[in-house]
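After this come two complexes, each holding chain A, first together with chain B and then together with chain C.
Moving on to the complex of A and B:
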């Protein structure tokens, strides 16, 4: 048995940016995990899309809790997957962490499903199942904020690969 | 404003960004493991994987699981053959199909509301997953889950399972958090998955079992 949970790449932002992309992702793993510890110029929801596809090929179902109420919502035929609702990216450093599992990302037979946990200590938590209706292998992942809001300097994005034997 | 694109093929440093950790000579970092614990890289190992072939299978069964890890994790793609949108799985520990051996609690979101349910001892022949996909939406669509079996080899306490899972089919979907108890202090050496309503699992369903060292 071999070690199978490996870091692929880490991005620690040296300047504020609107989007962060991991590209040329090798197909040698089974699942991908992205751990994001970020903060923003203005509190914002975070979205993601694959292979630079911004067509209406995404959907999601989200379960949320905001400290007093729990609920659920859905987006269909969207141009990206929103992975936050109350667990949005906050403006204060260290208060919002997001973990995104991208299952069987290199599979060319099935659509791609994402499980994302969003955690914002001042506003709430979310769990999202997201779908990209494509059988293409995922080779790039882009994270984005609403409008022209930016991820701030010092935000970290780490991509891991998990390989099944 | 600029965007940042990290090309993983080139290995070139980008102004303002650190090089990949693997290229900074630190090959044994601590990972903030997603479920809240801490795991040392290299302590997460693949044990076995099953991908369902043409024609499907009735159930998935991991047997003879070694006791050399602290925790287990199963990461799965699931689609049962039930001719309906939704199904779920029974999870059998040590092939125990006694109805009094399991309890389940669940929090589910269906895109409109959040609901919670509990199943006490005696309500099912196995621990139950949350909502997973049957065989009625587009054939390329699969549900997923990540399941942790904590302290599975400990013979001093019952075994707790937790699951994170869901699916979306562009118009419908469920997402869930689950916890299950296996009401036995026996070490876990076998885990099986069987549709609650369907009679089998569809082609391309896949179950990967991992061990996490303590």
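Moving on to the complex of A and C:
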């Protein structure tokens, strides 16, 4: 049986860290999925960037709901993609989940698009379309919190590869 | 090669409808669960555009539930929150066009662990320009492993051909 949905790497944090990076990502898949079940030292938005590029090459559009109000926002020429607004990383273990889809990540001719769902029942939900204006293949993905806030011990990050075959 | 994304069970509602859909004795050998649904309810007192929602439960319990959702049933989206009121998904009904079912998915990471269980869900219905959907953040504040999942209609029954498939995902 050909496996079309494969785990590439799982990180279960043994210590608190400010960033989590998947590196040396093989270009043998079509799409990537990241499942994040994390919690933080202080509730925080989460951002992501690729290939250690923190230049002003990112943009996003987010649709959000906070339990009483719905809205949307955009940012351009940013140094990373915020994948949360109200669906932030919370401080209780298990209380937030983030699902990130990265399409056609290995091609070297088009910019890279991200579709992210952010969920925190205590604060809200978000749907974000993100863009990295680079034709480079994605070989690493980094997740970061605001300021010096840390992902806490026990947070889990899993990267899956999907093959279109 | 190990299969990391595996169908655990599919339930398809038969003739006469069903009062609920249930997955029991869920194996504890996966990392995450993915529930994929196609749902229509029998009720004829409200169309899906009124926000008719089927109800999701874990381990047959209705306590320790909290949720926030982004909800759209027209031109302007709105947001909802709830506590111990149930995990509300999206249904089409007998007032929607025949054969229109609401599609949805629920992703539950670390369902067998001892942390609280949060999930991500998207639910949509489309009925020639009406109906709507939800983006949903849910939290079941329980340290118990999820061993069963129940789906209940808002009222009446799930109609014939409603279906739900539960997949298990391994991270290694």
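The working rule: the second predicted complex is superposed on the first by the 164 of 165 C-alpha atoms of A that agree within 3 Å, B and C clash if a C-alpha of one lies under 4 Å from a C-alpha of the other, contacts with A are read in each partner's own complex, and residues count from 1 in each chain.
We adopt the following convention: a contact is a pair of C-beta atoms (placed from the backbone, for glycine too) under 8 Å apart; a residue touches a chain by one contact, two chains touch by 3 or more.
Computed from a predicted structure; not experimentally measured.
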item: First (chain B), second (chain C), both or neither touched by A:92; value: second
item: Which superposed partner A:80 touches (first chain B, second chain C, both, neither); value: neither
item: First, second, both or neither for A:127, with chain B first and chain C second; value: both
item: Touched partner set for A:154, first chain B, second chain C, both or neither; value: second
item: Superposition-derived comparison: chain B or chain C, residues of chain A touched; value: B
item: Touching partner for A:50 - first (chain B), second (chain C), both, neither; value: neither
item: Chain B versus chain C as contact partner of A:103, first or second or both or neither; value: first
item: Partner chain in contact with A:70 - chain B first, chain C second, else both or neither; value: both
item: Partner chain(s) touched by A:117 [first = chain B, second = chain C, both, neither]; value: both
item: Partner chain(s) touched by A:35 [first = chain B, second = chain C, both, neither]; value: both
item: Overlap of the chain B and chain C footprints on chain A, listed as residue numbers; value: 1, 3-7, 10, 35, 63-65, 70, 99, 117, 127, 158, 160
item: Partner chain A, residues of chain B touching it in the complex; value: 1-10, 15-18, 20-22, 29, 31-32, 34, 39, 41-49, 75, 77, 107-114, 138, 140-146, 164-177, 204, 206, 208, 210-211
item: Contacting residues of chain C [partner chain A, same complex]; value: 1-5, 31-32, 66-72, 76-81, 107, 109-110, 113, 115-120, 122, 135-139, 169-172
item: Touching residues (chain side chain A, partner chain B) in the complex; value: 1-26, 30-31, 33, 35, 59-65, 70-74, 76-77, 99, 101, 103-104, 107, 109-111, 113, 115, 117, 127-131, 133, 135, 142, 148, 150, 158-160, 162-165
item: Contacting residues of chain A [partner chain C, same complex]; value: 1, 3-7, 10, 35, 37, 63-70, 86-87, 92-99, 117-125, 127, 154, 156, 158, 160
